[in-house]
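Presented sequentially are two complexes of chain A, the first with chain B as partner and the second with chain C.
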Partner chain A sequence: MLTIHQLNKRFDHLQAVKDFNLVMQPGEFVTLLGPSGSGKTTVLRMVAGLESPTSGSIHLGDVDVTHLTPQKRNIGLVFQSYALFPNMSAYENIAFPLHVRKQDKHTIQKRVNELLALIGLTNRKDHLPHQLSGGERQRVALARALSFHPPLLLLDEPLSALDAKVRQSLRITLKEIQRTLGVTTLMVTHDQEEALELSDRIVVMAKGAVEQVGTAMDIYYAPQTAFTEGFIGETNPITAEVLDVIASPIGEKIYNLRWHHHVFSWLADRHIEPQGTSITIGIRPESFHFLPVGGHGSIEATIVDKLFFGSVTRFIVKLPDHTTVKVDAMSAISQQYPIGAKVGLLITDPRLPIGFVDEAVTMTANPS
Partner chain B sequence: MRRKWISKIVIFFFILQMVIPVIGLMIFSIDNEGLFTLSSYQTLFTDPSFLSSLMNSLGISLVSVVLTILLVTPPIWYGYLYSPRILRVLEAMSFITFVLPGVVLGLAYVQFFSNPPFALAGTPTLLPFAFTLFGMPYYMQSVLNRLRHSEAKLYHDVARSLGSSNLRSLLRVQVPLLAPGILIGSILVFSIGMGEFTITQLTTGGSFMTLPIYLQVDFQNNPLAGAAMAVIALLIAIVLVSLTLGTFRRRKKRREAIHVNHSSVEQAV
Partner chain C sequence: MRLGRLLFLPIFAFLLIFAIIPAFGVLSSSLTGTHGLSFTFYRQTFSQQYYNAFWTTTWLSLTSSVLAAIWGFVIAFALVRTSMTVLQRIITALSSTMANFAGLPLAVAFMATLGTSGILTLFLQQYLHVDIVAMGFNLAAFSGLFVAYLSFLTPLAVILMLPAVSSLHQEWEEAMYTLGASFFLYLRKVAVPVLLPSMIGTLGLLFANAFSTYVTSYELAGSSINLVPILIGYMVNGNVSMNLGLGDALSMEEMIVLGVSISFYFFAQRKSLLHAREGRSANAT
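Coming up: the complex of A and B.
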């Protein structure tokens, strides 16, 4: 659908985008995720035709659009600041691209009303942008970008100008609309939560280059570079002893590891290889679990601090060797674990099927 | 509380010092040795050369405004969006006309345009160009100001991404966006056109009667009629300003009316 090959962009002395490659399937929702200055918006602007690449190519289907003007690309683009034309009503804004395409009055009317119904703003169609709320404006901007049935939709930080509550509900709306219409979508964001929630695949970018491409689960549980690991969520790096390697039901490699006498299973990542008999992996705070002290092969640990985050509470937990790890647990159970309490600590890999974990552990703990 | 009073007094005196000369002029124009008269106004309006000079001034000023809009807006717009260098050159040029005395430009025009193939001196042809030049810095600043505060580039990008040609974006999106700047700039150019004396005198040699030339001639011959004329010029200015302000207010009201109608329909439903 969209094929980007070896795309580069230089601004004077700054290499904004370095050797960017991406192939998108029809209907796919891909997110470019990275901090500001990572080049993600530049990639998006090059796809839209608002910026011309220094080298490389962009294909839309079979058509080479690298050097086409934005007008000729037929791509829908939603800007961060909505950018509704201030002199036109919601209706006129959505109708604008259809007027440009010289469609007849009846077709335009039908299409605009259809979209207004889709975004739930039929009764506000005559309002000017400044009379609409932020969330409503962004919905109109989305409808405007979709009105001419573009094969590709580009979203440039579409939700970041909105407050948290609206952002949350609009995320759901966005995903629903994208699914309903099946439009191939490329989004840019610096908000990892947004990327993880919405995307089929995520492209993590830093300093103009791609750090990692993968599904939300891949990116989150198997970060391939130090940058990705640091950028997305929190991790506890631990070094464990490799007991053996087995195959999962779907043919992936699984390590059985031992750490502080606790034996657990861990899905292998292609890029992390054991060094001799030990391996260093990153454990997410929520991959730890509490048991009563001495429970089923757990590590004896002490809670030294608690941070309340709302639905989740973060525990700082001291291990027998006096190192600490961060552990997240639902706040509902946090009352059971006061500071100073002793607990049993377990690690489970959330990517592995339930049941398989216990089986593997039992098998390794009691070798026959 | 006290500060409020002080500021009110200051504003009062400020307005007073502006208004007193005008009131003096008005009284002077209707005073016939202590008796009220409108004879000087009557003389003016029955004088065909007054009407023709008024028409000349209005015509020349309007042509200057159109010329400025057509000649100056596109390069500023283009420079602002795509080429900061062009914009810098334009700004520098506009500052030259700021400090360029009218006499110098007038003499230069006379010198250059006296001989064929450009024998234009003695005709009003050059005036709109001169007024455009003199109005340019003011016009430029008011349009630039608007450009800077209206995210013009963003809206142009949006229009293009939606498939619009550059021309359509300019006419349907950019012009409405920049309209307030264009309007204010136009009023400034227009008022320069209505009030300019030096270049008009130099290049036309008095063969083309505009309001300022008429005023100067008339004031020497008949101070009373001159005063009446000055009052009329002031009225024209007031009418123009209120017209433009009125246009803005009406537009805003109309939009609000749509909004209100809509809400009442919703309530009815």
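Coming up: the complex of A and C.
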């Protein structure tokens, strides 16, 4: 669908984008995720034709669009600032690209009404942009970008100008519309939660280059670079002893590891190799679990602090060697674990099927 | 709040002493005849000579301010879009200076360049064989005043248009392109409609400015053109015939014209969409 090959962009002395490659499948939702200055918006603008690349190529299907004007690319783009035309009503904004394409009145009317119904703004179609709320404006912008059936939809930080609650509900709307229409979508965001929730695949970018490409699960649980690990969520780096390596039912490599006498299974990651008999991996705070002290081969640990985050509570837990780890648990159960309490600590890999952990532990405990 | 209002006192006092009280003075003397209240002076202003003066002044002011507004828009639009910041700064500074360069110095400058034996007139005649005097250009007539008015109205238009033009969002233009529209369609469908209230407002101010121009027109044309401010000058100074009451009646009529054109400006400002960004609360989805 969209093929970007060795894309580079240089502004005077700044290499904004460095050897960027991406192949998108039809209907796929891919997100470029990175901090400001990572080059993600520049990539998006080059795909839209608003910026010309220094080198490299962009293909839309079989067509080389690298040097085409934005008008000739037929790509839908939603801006962070909505960019609705202030002198046109919601209806006129959505109809505009169809007028440009010289479609007949009846077709335009049918298509615009269909889209207004899809975004739930039929009763506000005659309002000017300044009479609409931020969320409504962004929905109109989305409908306008989709009105001419573009094969590719680009979203430039589409939700970041909205407040948290509207952002949350619009995320769901966005995903639903994308699924319903099956339009291939490339989004730019710096919001990791948004990226994890919406994307089929995520491209993590830093300093103009791609750090990692993968599914939300890959990016979250198997960050391949220190940058990705630091940028997305939090991790506890631990060094564990490798007991053995087994194959999962679908052929993936799984390590059985021991850490503080606790034996657990961990899905192998191509990029992290054991150093001799030990391996350093990053454990997400929510991959730890509490048990009663001494339960099921757990580590005996002490809760030294608690931070209430709303639905989740973060515990700072001290291990027998006096180091600490961060553990997240649902706030609903946090009352059971006061500061100073002794607990049993377990690690489970959320990527492994339920029940697999016990099996692996049993296998390691009773080698036959 | 109260202290804030007190700070406006000097301005109100200034307006009262130098604008409002004199205006009432003009009004009362224009309505005072030998036997008390009288409309004689106003009746006199409806004669052919004064009708012609109003017509010439309006036509000169309208044509010069329309052209200045269009030209000003084009320059402001180019200034906002250029990446040459030095040029941008030079032209903005030059516009501020030029907009205030009027009166006697401007008249002298024009006589020295475009007068019958002005440098530019002679240069065109000798080197390019273009005789602008023979072509009908006369600094002391409509054509000359038209050019002179443009020289200060255009920079004024640039200064007045710049804030509005620079608040056109770059994203509007980019959105137009990604939706398949050309630059001209962007101008026609978004830039010009959005800026229209500012353009009308600017036009109102330019017209008022041109209509009330006195020193420049008097020094350049004197009695060879029939303009309202020049006539008022004659009545008040007693150059030809002193008639304070008639001068005051003409002044009142000119004030009405200025009031109408300035109210265009305020009306247009209120209609501007550029300042109507904040709509309903963002939570109300």
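By definition in this document, the second predicted complex is superposed on the first by the 367 of 368 C-alpha atoms of A that agree within 3 Å, B and C clash if a C-alpha of one lies under 4 Å from a C-alpha of the other, contacts with A are read in each partner's own complex, and residues count from 1 in each chain.
Rule of thumb we're sticking to: contacts are C-beta pairs under 8 Å (C-beta built on N, C-alpha and C of every residue); 3 or more make two chains touch, one makes a residue touch a chain.
Just so it is clear, the model here is predicted, and its values are computed rather than measured.
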Chain B and chain C placed together on chain A: clash or fit? clash
After superposition on the shared chain, which partner residues are touched by A:Phe148: those of chain B (first), chain C (second), both, or neither?
both
Please work out whether A:Val312 is in contact with chain B alone, chain C alone, both, or neither, and reply first, second, both or neither. neither
Max touched-residue count on chain A (chain B vs chain C) belongs to chain C
- What is the contact status of A:Ile246 with respect to chain B (first) and chain C (second): first, second, both, or neither? neither
Look at A:Phe79 in the shared chain and tell me whether it touches chain B only, chain C only, both, or neither; answer first, second, both or neither.
both
Task: Please indicate which partner A:Asp126 is in contact with in the superposed arrangement: first for chain B, second for chain C, both, or neither.
output: first
Contact-wise, after the overlay, does A:Ile238 reach chain B, chain C, both or neither (first, second, both, neither)?
neither
After lining up the shared chain so the two structures overlap, which partner does A:Pro70 touch, if you call chain B first and chain C second: first, second, both or neither? both
Looking at A:Asn87, would you say it contacts chain B, chain C, both, or neither? Reply first, second, both or neither. both
Q: Answer with first, second, both or neither: which of chain B and chain C does A:Phe96 touch in the superposed model?
A: both
Note: overlapping chain A surface for chain B and chain C spans 48-50, 69-71, 74-77, 79, 81, 83, 85-87, 96-97, 100-101, 128, 131, 144-145, 148
Residue positions on chain A within touch of chain C in the complex are 48-50, 69-71, 73-77, 79, 81, 83, 85-88, 96-97, 100-101, 128-137, 144-145, 148, 162-163, 165-166, 169-170
Touching chain B in the complex, chain A uses residues 48-50, 69-71, 74-77, 79, 81, 83, 85-87, 89, 96-97, 100-101, 123-124, 126-128, 131, 144-145, 148
Given the complex, residues on chain C that touch chain A span 169, 171-172, 174-175, 177-182, 185, 189-190, 193-194, 273-274, 276-285
In their shared complex, chain A is touched by residues of chain B numbered 151, 154-155, 157-165, 168, 172-173, 176-177, 255, 258-259, 262, 266
